[in-house]
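Chains: A, B and C, in written order; residue numbering restarts at 1 for each.
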Amino acid sequence: MSSTHEHKEPMIRISKRTGISKPKAWGIRAIALVLALIVAGLVIFAIVKLSPLKVYATMFKGALGSPRRVWATIRDTMMMLCIAIGLAPAFKMRFWNIGAEGQVLVGGIATAFCMINFPTLPAPVLFLVMILASIIAGGIWGLIPGIFKAKWNTNETLFTLMMNYVAIQLTSYSVAKWESPPGSNSVGVINQNTNIGWFPSILGNDYVLNVIIVMALAVGMYIYLKYSKQGYEISVVGSSENTARYAGINVKKVYIRTMALSGAICGIAGFLTVSGASHTISTATAGGRGFTAIIVAWLAKFNTFVMILISFLLIFLEKGAVEIASQYNLNEYASSIITGIILFFILGSEFFINYKVNFRHGRH
Amino acid sequence: MTQIISLFQAAIVFGTVILFGATGEILTEKSGNLNLGVPGIMYLGGIAGLVSAFFYEANTANPSAIVAVLLATLCAFLASALGGLIYSFLTISLRANQNVTGLTLTIFGGGVANFFGGSLNKLAGGVGQISVAVTSGGFRTKLPGLSHLGTVGELFFSYGFMVYLAIVIAIVTQYFLTKSRSGLNLRAVGENPGTADAAGINVTRNKYLATCIGAGISGLGGLYYVMDYTKGTWANDGGIEGLGWLAVALVIFATWKSVNAIWGSYLFGLLSWMYFYVPGLTRSSQEIFKMLPYLVTIAVLIIISLRNRKENQPPASLGLAYFREER
Amino acid sequence: MVFLETATAVQMKDVTKRFGEVVANNKVNLELKRGEILSLLGENGSGKTTLMNMLAGIYYPDEGQIVVNGKDVAIRSPKDAYDLGIGMIHQHFKLVDVFTAAENIVLGLEEKGKLDRKAIAVKVKEISDKYGFDIDPNQKVYDMTVSQKQTVEIVKVLYRGADILILDEPTAVLTPQETDKLFAVMRNMKADGKALVIITHKLHEVMDVSDRVAVLRKGEYIGDVATTDTDPQKLTDMMVGHAVTLNIDRPKADKLTERIEVEHLTVKDKDGINRLTDVSFTAMGGEILGIAGISGSGQKQLLEAIAGLQIAEEGSHILYKDPEGKEHELLGKNPLDIAKMGVALSFVPEDRLGMGLVGDMDLTDNMLLRSYLTGRGAFADRKAPKKLANNVVDELEVVTPSIATQVRKLSGGNVQKVLVGREIAMNPTVLMSAYAVRGLDINTSYTIYNLMTEQKMKGVAVIYVGEDLDVLLELCDRILVLCGGQVSGIVDGRNTSKEQIGLMMTQLQDKEAKA
């Protein structure tokens, strides 16, 4: 019954590419982005019946229309970037740290704790204490799943995911503890009158210090991953555990150390938000950025400078969509829809960078 | 006594939402797909059910509860399955990373749901909230007769049909996975796609089907949340998202067995509501109490990795894309 | 009528299969009859498995014809093969660990509905009783011994109605007792009129179980002979062919010094199976010690044990004697410990891109793998590796766009040069290499041979695991022959014949005597 097969090649054959030039790869990503903007534009058109071009112009205005808006965009970009920088070493090691959201929150809690409890410390000391506290808190939050992964190969994706919610509850607990005024179920602005523990404004701007810190981290992480001995160990472990063992690298130690580092930097992001931006703490402090940053880090292929670009793009969309929402009486969740569409396209485009699609040609 | 009864009732209602989510995700994960888009999918299911019910009730003079319920359920299932289809296409056909795709789906689903949910509120008059009374009422109709059987009736029969549907789906899923040939083939795909492929099983088709149907089931959790838990209203409060992640946790807690998920979901419900009934808790220690479901899940995750019993492990190829290399 | 039509089960006519440039099978002709066991004999890389994979639907032939039961057929998938009654038991079992035997057996069958475990168990029992298998349908695969897993694979094939069975090196993983049991089952199947092919290197098994032997060598069909008309010596001659002169330079070093002493080395794998059993030998500085053996005879474990990558059983020792005469125990140390002890040990593993090199990194960073910890401070020094990469590229004539190219983009030969170049640059006192010339062209191979010899003349103890006996005989001073994880002998490379080694590879001398 099987003897009458025709000689047939499959319609589409997929093969792995051995390599692709950088311009070509970025070209494919750019095409995906344009397609995504077109689709998103059509969706917007379907909803508000406005020319997509006009909509995008409104978005531009919303994100970059005034110095105040520019700074808000920069502030949020820095926050997203900081988390993505924290995730980079973990992802480079092929360790799925989905727990940034929680690591940011515990960093934020630690910062708020210091602001509330040590108002008498001199400002420089307080800053040092706050940053250390947030590093330790975030580091521990990353360390725990790291240790279990190293020792017992406990699934890190699910572990870090659960840690997020433990952190969220811990935040709710702290909010209830520090509630002000009582009954408001919020902490309110901490040290509103004294501004103790707030980032000082530099050159008349509140967020300059955020930019300095995150940019320093970006450069530092870039150098760490690219030039340091530990960074080298991370990439070997990420490529092949066998090779790492061959080179005498202690794989478990690298897992644990890198996760502590990853969590610590996410903790700093919490510090930036609480001390340098919102001056309060709530379960919305991380605001889902911990999840979005995962996508940023992944798409940037661990390159911290590419992360700046992608973080900016996403925050730009978010701010722009909020503007559309207020201008046309819609709600701001439009930004999540647009972000989702764009990310779907960019994720899909990676396929065409890694694989070649061959269509059948008449050979037989 | 009434306190305990109302705690159990709250636990069952709460548990039902995540039982749908977890059962669907178990089916999906058994095919080797770790879909972190469950919250987004539940959002899609919830909003699709609500919107369809809203338009049906708004455009019909005498809306029938049965039609409304059927319509909402169908729309919820289809919308969620569509979410599963997006995920499937990206991860199976385009081999995109599963974690990143799932998280994006969560962002997207949440965006769609809250966007339309918020707009519906506005459409309904701008003040207050919309309500789909007839549909929600249909969903909340209790079993006639049985709910008056005193304590027993209150405990077991005082819920809308979806509580029982969730149990039935969980049992059927378990039966399908362990007792049917198609279920066996599906599990083989999730465990070892290379072996399944060699045995003549269509890996791609199995993954697509499991992921889309699984998403459809998960989405019913969102529908139940909207129709019963919040009684046919919409609030942009992120409630579904939290429950969606809890559903993912429940999958681990149930060690990938949907029958375990039934009692697991009610236990999660108990743990989540317990603070309300434990006397003497301050508001802050209540929040610590609410950590319990997640802590318990972490404990289970650690125990299964320590004990290393093969039956309790995640499907062996969970999270990995399958590519039959050029031969 | 049935008998006439089916006397010949399979006929392969002028079958050719190429992989890129490599011709795996060149116009091979093979005939398989019902009610016979055919041994397919040949060295590694002679194309046995490739040939059989074309019957099993894994590969599709480039040229030639396959006739099954008198009909010209095209077999494009394992399913097609099953439909024709052909079943192959691969070396690497295709089983789902968490499933029971019965579940694995019925996996993928085109039947819908309920999984009737009872009915399946009954049918499995029927098959087991008929041929003498010992199988518990409800046992989970992860609880099974290798032999039990193999039984499941065979029953799986029979359950699907196969009457043409191909077994790819089925005894490689079995104990002698299990092998006897398998052979008994095979004879029962033969008596039942089934056609069987067994791929093997073990001559005594060939003599024991088969009716006819077909020999392949380097992808060519050498011939077939009735088992009763031949003996192990004749088969070995067919298998290895006549010695070829390669003219590899083999100078003698002035001085030999003991460098590595391996004593009673026993290594088990994670399934608890012995991969090395009581291996003892000494490697000398100033000589090349060749390791011969069918692949999978424990070569990998031996080298990895010396390199600090294997856990050995109690009672095993690997002593390193440094130039000052001091002894160091290497077992229980990791590669870094070994390096810190001042032992300059270079290792060119078999898996070049999975162990020796990082495919995604460029040449410089791969040079760094062995030296990234040198120097003070937190930063890795890339100057020296860069220089080294340039040196390796120049001296070994590595073809690469630049030293900033990812190594996985290089061809196999160039990848190997990068790896060997790096390892030699460590100024080792011990140099180990596994299949260093596999997949390389003639010129590159000679480059590698010369490098090994150069190291030897410097007083390095070179351990060379190889598969081409002609090369081993011309390159090595002494040759250790492994067979099934045991040392079957250590011979002088200068006055031993290829046939002698071939025989030692396929049978343990003393074990054969007992049998």
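What we mean here is this: a residue touches a chain if its C-beta (ideal position, glycine included) is under 8 Å from a C-beta of that chain, and two chains touch if they have at least 3 such contacts.
As the structure is a computational prediction, the values presented were derived from the model and not from experiment.
Farthest chain from subunit B (centres taken as the mean of C-alpha atoms): C. The pair of chains sharing the greatest count of C-beta contacts is A-B.
One finds 26 Å separating the Cα centroids of subunit A and subunit B. The centroid of the Cα atoms in subunit B and the matching centroid in subunit C are 49 Å apart.
Taking each chain's centre as the mean of its C-alpha atoms, subunit A lies 46 Å from subunit C.
Across the assembly, subunit A contributes no residue that touches 2 or more other chains.
By the touch rule above, subunit C contacts subunit B in their complex via residues 58-59, 77-79, 82, 94-99, 103, 106-115, 140, 142.
Remark: subunit C residues 71-76, 80, 83-84, 307-309, 334-339, 347, 349, 351, 354-361, 365, 368-370, 372-373, 378-380, 382, 406, 409 touch subunit A in the complex.
Within the complex, the subunit A residues that touch subunit C are 1-3, 5, 7, 18-19, 227-233, 235-236, 239-240, 242-243, 245-250. Within the complex formed with subunit C, the residues of subunit B that make contact are 178-185, 187-188, 191-192, 194-196, 198-201, 310-311, 313, 316, 327. Only residues 34, 36, 86, 89-90, 94-97, 99-101, 103-115, 118-119, 122, 236, 242, 245-246, 248-249, 252, 282-288, 290-291, 294-295, 297-298, 301-302, 305-306, 314, 319, 323, 325-326 of subunit B touch subunit A when the two sit together in their complex.
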